[in-house]
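Next come two complexes, and both contain subunit A; in the first it sits with subunit B, in the second with subunit C.
After this line comes the complex of A and B, so read on.
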């Protein structure tokens, strides 16, 4: 750990991108269509907007405290005990988020690729992979994310590009959906898919130039948001809203309908899903890392390596709690909404308090002068 | 140290202490006697010195003590190992002038006090004649093939470089052959190797630091770098790690590698060894540090990044299109050697629907009579291939041909006919093996060869999911490695713009004006600041021909040192 503060702006951007883009991409068009019918792209756009605000708040907070994470500066802003209590919520939330992401992907894999393999095995393989990798320091964490970003972006872009020949623009009209209340909640669900961007609080203390964190955030939200939007548009344009509602993972179906020219591989969805393991891994890896790093800071420990294996059973048990796929998605939606209050409202509250505090400090200083 | 030396007790007369306390210290190995004398000076009495040398080397029959008279008046003795030294030099350049007073000295009267200066400066025909008065160093000189002369009444010994060793010629290295490029390779002798480096780097910035490692072998180790380009931190770290080594014998550079690498449990090599002086020089010029060991034809280079292991010197000496194309095919081979068999296993056992229908039918037809699952079949064939490869490596050439024919028959035709393997499996195994041969660095290819087996097993259990998990695991490991402070996967991640130009393709030399900064060099300018004129010629194109004269003089004006890209 001798060389901290090595993360470049590009690395910060790629960490955010690969953390945001995860297993949520698979059911994303379904969430958007359920909420807004043909207004799905608009719902997604709203969701991206909400997520962007959240990310900007957390970045702003990080820039104001460039050597601390939310666990440490919350104690400074809220006072020691209140800050600790809030930090416990953050830690618990990200443990659950890790578990749910692993579970969701395990479900996808067992239903579409490894039909005979038990769910437990796929989940535990993924979690072990994340736990072993999480033993590295934050610079290696950055290298890993940086390395995988092209592998994450490429398959989605290829699938979208190849599927466009089946697209029907009429499916996208009318652009504005009907039920605005429903659309708002849908936007919240979409925004919840961006919760991984909370990792920014961990990156800023390790950045070479914390001032440039905002630039990284903007680029990350543009790229990952753009990809999400593109995917929703492509899915709706190919399938139409009614058909999407029948599908669990419309993105996967989109990959299935496409085939490479020359018919080299008959089904693209399995290849897509295999490559997509990388994206899911980076997401789980990031939230796992965030969890153990936060625990480390919470208890003011020296090292996070041992924690990595220590919390593995807890995450695994949490992952296996939902009974079936329907209950799982119910929980995911529920947790996502609650999560928004942790990842957006709580930082917003902190930011306001922090600004007021520093203003008061300035005020009193000027009085003294 | 007592343990390692032959246990036979040698009664050594400790004359100095004997004189003082009259004791005889016995049962010591010679080397520990030398160690005890490390502070002592040579005595002015010739008898004592002869006695001491006899005590040290007396058991060896190739050790020679020759008594003679210098200029017919001073008693002297000469110590050397007859097999390590050049007899002609001893006879003509040492004994002759010493015994036979040279003409220019005939008229002079030589007193004892002046003798050593007269000998060194006016008598001996040898540039490496020096004086030394430490006993232990004189013993060391004798061991290294020098001739030591002790003279009655002078408390200093003269040592003269008379070492003569058989060494093989500078040949084309066996492990790194090139089609286009220099044909020189390092040999075992470190002096020759350093000369090969110096001759390519006639600059005072090229520094060589020497040290000795190994209690018994006392191998000379040279740390070479270019001052002003190499990172001082790396140089210090190399020195630190090398000086911490405490071992009895160093037989090869590989011994050192195992002591200085960062993660000994990783399958990936973290030190790059090469037999080619040109490669070593290119690496030095990029800011790396080279370590040479006496007795090994390999130079170790640190720090390394993974991309180095699939680059060859030829990539740079050929035109960039050629170099890039070859490199791309090499990377493909690398990927093949790692995951091709596991992809095959997962396609066959888990996702046959991925294959085009006609091909799937063909595969199914080929596998019709095979009793094993695909993973067992592939693993068995891979193991057979590994055994075959290992068998051919050390065989004499005359037998090797026969074995490879048998191997081809067994692994190819016979296995298919006997129903042990399907023809497509054989094709897959063949491609994989060829792929692993295409990796230029043997050690890196070996790492992937080992990892291939674990991925095949994963593919057998989890199909494509397992393959991807395995590959992610390997990449994460590679990303977490560091070699002397430089991340192993640089310049890809952490990203480095200058370095990226030389990873997948080999960019034209004029696209890479700076050294890759991930090595933290102090000086990064590779090309001269003056613009390279070679490019402008390309751009002028046809105009050049029309103008006739403009092209020629311009090029001539550009002196060769400006064109020299390195």
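After this line comes the complex of A and C, so read on.
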């Protein structure tokens, strides 16, 4: 499969965008406001910055090893055994991430729209959908993401634009709301929402021109980050910080408060939710794919298809572990922060080692000459 | 042979898909829903304790809330009787069912209501919540939790305060629309469109209520005669308690104070030089700038309002509006009247410590240091607002005087 190099730069960008935009959009303003009060947009901006650094590191690594993923080149850089150990962490982390995303999805759906549907059903349906789709090869994977991106972006922008008529700019000031330490931790939580961008490591080996991967990364972080920032600004301007603290999913409330002019649609939340389901699907799909593809490479298997159903029960059980919504968000916060060390610090470490190694190699080569 | 096998596989797959056809888990037919269109909340009269069914608790249970019991009156749409379009000679049957129940909280009362109604209560189409003045004066905080928590309730529903018992509004039958509660809800919406009232849906009220530097306001309704309902002013709050109401004219001033763009209220304006002659000048558009400043550490606001207005009526045939000077004079008259009215309204709300204009938000946003040191809580701002100094400047531009010369 490594030989198929069909993914264009545009496709790589759209994969990243639709992977990044996921369950996180709903509680994002709450996370940001909790950390930064009226400085929420600033917190988000910091978060995007941190996430961007992480994504650029992983892209840089990918460009240096254009036909390998992090699972394979880590063995080259760290040595076989240390590389394997680190890869295990990556795989476990993304399994958990998939499970938590599915669980968060299920929780939102069962509390806000489908009140009588059991949580298990929503979670299973989403996971099965991801598992079936994940049996495809990476090109189909790219097509699916490419197809959904406009559907994900447009309605969010519409909701933001229409809701601005109720906005109060005063709610956004002062720009720096609370002390630096809290804002920093908030930024970490926000950055954790971007962890799906780790999928880049898997796309680069399938790209037509891996050299252009950086361009894709920059565009992806600009678009998805811009959208997140817009959402935070809009929700804070409409609700004010104090009201947001009372809501689990401010973004959903934003859609509920917004009606299209002229009574075409009196509430937009249903439209918004159905779009959001798509966004969640692409995210879970990507992290699921990343998980099984990594397992495949870890064991040097030929095919990832059978793994797709094999890990389904594990993901499902993990998803059902949190007892309630408060515990779930607690876990999401911790897992997110720990995850940053896997998605940012670990690649950074690899990159530094890699650069040092190649320098030494050049050094010795030039000595030989 | 292999063809057959393939077909068998396909049929098996189709059978597997069959259960999915049943559709949505939560599906409930519209006739099986008791769609609540409006809720009126009153204080329950004496003896309510006895009238309450023992649904959520037994009588005399000590852990029940201490607040006064409430009586809620709901309008439930009767399936099939809500006309979808204009109907000629519609029947006499009422399209809604009105039910009264008592309870300690809203949810408690709704449970009691469910006990009396066969279909599941559905609040997704709730358009209007009427609070009687009595209830509003005791505080609305106790209702917020339920209304926010319940996913069915729209944030765009309207909430109004009523002079009479809220139950009367549920039983009133205005003739312009078949469904009374829809008429009331439409009324709130169209008042906003006409520039008669600022946006005031329930989500907005909550945002303002939560914010530290502003107090909430709601439309204040009054039943006139038997069938018509009038918007009689604006109920203003301090914290969660209603502390007073304005007259309808002052709504216009209030809208000038918060900078609502659309104007809708007329003012009788003296025509200078002719002491007894007046003309009716109506605000069309306004633009408001509020400047908050600290003078020697004391907060001060400057409210600058720019009106665009039109002459809509001049009663007396003796005076003429002909020259430019006449218009200038009218503009001056309108400005003075507007300035006076807005100043009076600010003074009135200051007495009640109710900053419905949200001046506090300007200080919170622009002087965070001052805010942290002196205010911190909303109670603090109320006390400062009471003694806030302010200046009001009004400019008026009259562009139109209608079809009539002179």
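One rule holds in what follows: the second predicted complex is superposed on the first by the 366 of 369 C-alpha atoms of A that agree within 3 Å, B and C clash if a C-alpha of one lies under 4 Å from a C-alpha of the other, contacts with A are read in each partner's own complex, and residues count from 1 in each chain.
By definition in this document, a contact is a pair of C-beta atoms (placed from the backbone, for glycine too) under 8 Å apart; a residue touches a chain by one contact, two chains touch by 3 or more.
Since the structure is predicted, the reported quantities are computational estimates derived from the model, not experimental observations.
Of the two partner chains placed around the shared chain by superposition, subunit C is the only one that A:174 touches, whereas subunit B remains out of contact. In the superposed model, A:113 lies in contact with both subunit B and subunit C.
With both structures placed on the common chain, the touch criterion links A:239 to subunit C but leaves subunit B unconnected. Touch criterion not met for A:342: it reaches neither subunit B nor subunit C.
Subunit A has more of its residues touched by B than by the other of subunit B and subunit C. After overlaying the two complexes on the shared chain, residue contacts for A:266 are found with subunit B and with subunit C alike.
In the superposed pair of complexes, A:192 makes contact with neither subunit B nor subunit C.
Within the superposed three-chain model, A:213 lies out of touch with both subunit B and subunit C [touch as defined at top].
Of the two partner chains placed around the shared chain by superposition, neither subunit B nor subunit C is touched by A:20. Residues 113-114, 117, 121, 266-267 of subunit A lie in contact with subunit B in one complex and with subunit C in the other. The touching residues of subunit B, counted against subunit A in their complex, run 350-351, 353-357, 462-465, 467-469, 472-473, 475-476, 479-480, 485, 487, 489, 492-495. On the subunit A side of its complex with subunit B, the touching residues are 3, 6, 8, 10-11, 109, 113-114, 117, 121-122, 125-126, 129, 132-133, 136, 139-140, 142-144, 146-148, 263-267, 270-271, 273-275, 277-278, 281. Of all residues in subunit A, only 38, 111-118, 121, 166, 168, 170-174, 238-240, 242-243, 246-247, 253, 256-257, 259, 266-267 touch subunit C in the complex they form.
Those residues of subunit C whose C-beta lies close enough to touch subunit A in the complex are 24-26, 148, 151, 154-156, 199, 201, 203-204, 206-207, 210-212, 358, 361-362, 364-366, 368.
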